[in-house]
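Shown next, in structure tokens, is the structure this report addresses.
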Amino acid sequence: MRASAGGGASLFRAFSIGSTWLWLGAFALLPTLALLLVSLLDRGETDFFIPVLTVKNYQELFSPVFLTVLWDSVRLAILSTLVCLLIGYPFAYRIARASAKWRPWLLLLVIIPFWTNSLIRTYALILIIGAQGMLNKALLGLGLIAAPLEMMYTDFAVFIGLSYTLLPFMVLPLYASIEKLDTRLLDAAKDLGAGSLRSFWHITLPLTLPGIVAGCMLVFLPSLGMFYVPEILGGAKNLLLGTFIKNQFLVANNWPLGAAASSVMTILLVIMAALYRLSSLRVAGRDHKGLLSGGPEELNGRSPRRPSGAGPSMPQAARKAGGL
Amino acid sequence: MPRLLKRLYLWLVYAFFYVPLLVVFIYSFNSNKYTTNWGEFSLRWYETLLGNSALLDAALNSLMVAVCAATLATVLGTLTALSLKRYRFSGRQAMYGGIFLLTVSPDIVMGISLLIMFIALKMELGFLTLLIAHTSLCAPFVAVTVLARLAEFDEHLIEAARDLGASEARAFRHVLLPLTFPAVAAGWLLSFTLSMDDVLISTFTTGPAFEVLPVKIYSMVKLGVKPDVNALSAVMFLLTLTLVLLAQAINQTRRK
Amino acid sequence: MKHSRVATFALGLVLVFALAGTCLAAQKDKGQVVVYNWSEYIPQDVLDDFTKETGIKVVYSTFESNEAMYAKVKLLRGKSYDLVVPSGYFVDLLRRDKLIQKIDKSRLSNAMHLDPKLMNLEFDPDNTYSIPYMWGVLGLAYNSKYVPKGSLTRWEQLLKPEYKGKLILTDDLRDAFGLALRAKGHSVNSKDPAQIKEGFDFLTRLKNSVRVFDVTAIKQALISEEVWIGPIWNGDYLVAREENENLEYIFPEEGAIPWVDSFTIPVGAENVDNAYAFINYMLRPEIAVRCIKEYKYSSPNLKAVEMLPAEMQNNPILVPGPKELKNAEFITGIGEALDLYEKYWEQVKTAQ
């Protein structure tokens, strides 16, 4: 059919493919290359970077200062991801097993909070966990504590903030992969005498692995970069990666160093993407031609990083994607 | 009993999502300025909001960028999804990979790489740079949403249309577009919210002549958000909620 | 049906771009002045009245630290803003980078109200590039509910073990080093590596007591009693006092740290005339009074200070006199030595 396509068809085809390439080239590939290039340049006296090739920015990343920053950030991001996974998995499971009538509404309820600015929601947390916040007032009122708990300006606060903001990004991909799960497999396992824990471990968990990896990616990576949550809730006692990068660009005027730190994040991203690819390959067992081939197809609606805008059709889209 | 427990768990997590929103809503009626202490019930912040032209301007700017970026991203993302679904061409796998990486790439990295490029090209930061950045942020999500819909699409329909003499563009307009319309609309809405809520990319890619709401709020949050911001959030939230529920209800009755 | 849908979509597209077009056109309009200032520094109604009077729209953009301001102005190569309000020695930095232009004082009829004591300072001899807007000092606020009145009089006492975890410390490197150097009896502008090291040691020890590092949220943290003590600008303290009456203020004996924030006009300003009109408007005594009343900072405008109610004029926190300013020393540019400060500061921030 396509071989016999007329002039109009090939024009449309060329336009569609061409515009996508143009976009990917100009606004994704080019900036990324610029980032990598700047990370290899030197900082100038008055210019942000001068054309002198050097690896000293990467060397600086091995300084104790940056390694502390990196370690603190990664530790916090891993913890937040784990908490999101632990809370999100049973939650997504419950939604996926709810009756078909309720599912779209339950999903919609996950998405609705996103219609409020994430900064406002972060700020709302201060009103709750602050020294004079609602939680402390309630606990003091009930006589459970004698003095206000110090929750603000701690790692705990950052951790709550990150989990709160990012939990839906964990829930949606998990939901899609759990809903897709063939329950007959579980029934069969039960018939064969497997306990629920056993069948969870051997069937549910492996089959929903792509959802887990996708969810973890969508929580872990952004939590490294979200500078505003630690800045607002954390009291800046520990410098975290997002703030560090932002400061190099918007405060310290050290673009090459900031670019090098961002490149480290890009490398983390590629590693995680490869992991995701591997996990979905194992589950799908389909014929895949190359790394990441069909990536988005598998991602269809399953891991909308930000489900926020999903709007009315989002639950349906997610449900459909789940049922593919 | 376990059933009850499972339900309880579900609602507990929902409470975690919704209590902070409720707090914002309640505090928009608090008469106190800085404190988290409750003064008395007051509508003064809704009045202040009406007089706060800087905040309203920023909200308008956000709205404008969101509408433009969502529209551009929808066009671009839909074209991408169609290319990936319908055509075989060299580099198709690479295009898949690119889209995939874009959907998961951290905002801060995206914002910074674009900033570097804009500065290297000596572009002035403002509406245009922000529009480019937001379009680039949203388009992959549209592509992914539309692809999901297209996965169920029967290629024979297009072939039938073509056999009947429709041009490719006509077939696209009359067969493909109506079929994918729900996904396209969902993609637009998703983009709209992504753009409205984005702090990280906007921080790096907009200039002073074009302040947007999230960046404005960011500079206010640490000082203690004035309750007029709470009021603005409450108004915007209720508006969108009404729209979404309405759309959802219409959608459901239509299906029946 | 399908036709109309496509048509609606197309129409929507056209509308969107028409809207965008008009909004962009509106921005090119010359009737505006783009001000880049500290957050919470000029009351909204003062801005509104300026617009009412002159028809010039004020686009008001804010920053939280001098460093962020400096980076942004540099990033934009002195374009986009018509007016920037840096503190003290940042005027000097901006001037050296050729990012701000000379100010023609003959165009500012209200400049005659300014206090000569706050003019002609080291960062800008003869005020060639800057006109003071407000001034103030960094002193110490504490909550008398937890810290007995009169028990805290010196910077150096911040190290007391009982304040552990109850302190908020400014995230501004020069301010933090300034108070540390003062506590050790050195100049806030010391370039002597040995003295700077002493300041660094003081800050490292102090970090154990610090609960939060911040510049902008100090007021908030003190009001909500997250912390007991914090170095804070006098104006911020007076505003905070209105919401929490347990808060007290002192000018530490080793010397409080004063500052002056000044209007400057970037080289790339597109609306220079409007910028002058705006500065002259802000220098009017009755306008300055409104700013003082709202944000409680000290004003360099002598006429405005005279117009204040007696109890405000006599409040030494609002209008610090020689007694309060004893040992006080302005922060100035320190050139190369800044690298050493920065290196130490990074170590303070990442120390466990």
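Just so it is clear, A, B and C label the chains in written order, and each chain counts residues from 1 on its own.
Going forward, a contact is a pair of C-beta atoms (placed from the backbone, for glycine too) under 8 Å apart; a residue touches a chain by one contact, two chains touch by 3 or more.
Being a predicted model, the structure only gives us computed values, none of them experimental.
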Pair of chains joined by more contacts [C-beta pairs], B-C or A-C: B-C
Most distant chain from chain B, judged by the mean position of its C-alpha atoms: C
Chain A and chain B, separation of their C-alpha mean positions in angstrom: 16
Where chain B and chain C are represented by their mean Cα positions, the distance between them in whole Å: 35
Residue list for chain C, restricted to those that touch at least two other chains: 72, 75, 214, 224
Sequence positions of chain B contacting 2 or more other chains: 35-36, 119, 222
Where chain A touches two or more other chains, by residue: 48, 130, 132, 249-250
Of chain C, residues touching chain A in the complex: 65, 67-68, 70-72, 74-75, 97, 165, 171, 207, 210-214, 221, 224-226, 342, 346-347, 349-350, 352
Of chain B, residues touching chain C in the complex: 32-36, 51-54, 57, 61, 64, 67-68, 71, 75, 119, 124-127, 173-174, 177-178, 181, 207-211, 219-220, 222-224
Complex contact set, residues of chain B against chain A: 6-7, 9-10, 13-14, 16-21, 23-24, 27, 35-37, 76, 79-80, 82-84, 87-89, 91, 93, 95-110, 112-117, 119-120, 132, 135-136, 139-141, 143-145, 147-149, 151-152, 159, 162, 167-169, 172, 182-183, 185-186, 189-194, 196-197, 199-200, 203-204, 213-214, 217-218, 221-222, 225, 229-230, 233, 236-237, 240-241, 244, 247-248, 251
Touching residues on chain A, where the partner in the complex is chain B: 1-2, 5-6, 8-13, 15-17, 19-21, 23-24, 27-32, 34-35, 38, 48, 87, 90-91, 94-95, 104, 106, 108-110, 112-128, 130, 132-134, 164, 167-168, 217-218, 221-222, 224-228, 231-232, 242, 245-246, 249-250, 255, 258-259, 262, 265-266, 269-270, 272-273, 289-297, 299-301, 303-314, 316-317, 320-321, 324
Contacting residues of chain C [partner chain B, same complex]: 2, 5-6, 12-13, 16-17, 19-20, 23-24, 27, 34, 36, 39-40, 44-45, 47-48, 59-64, 72, 75-76, 79-81, 214, 216-217, 219-220, 223-224, 239-240, 243-244
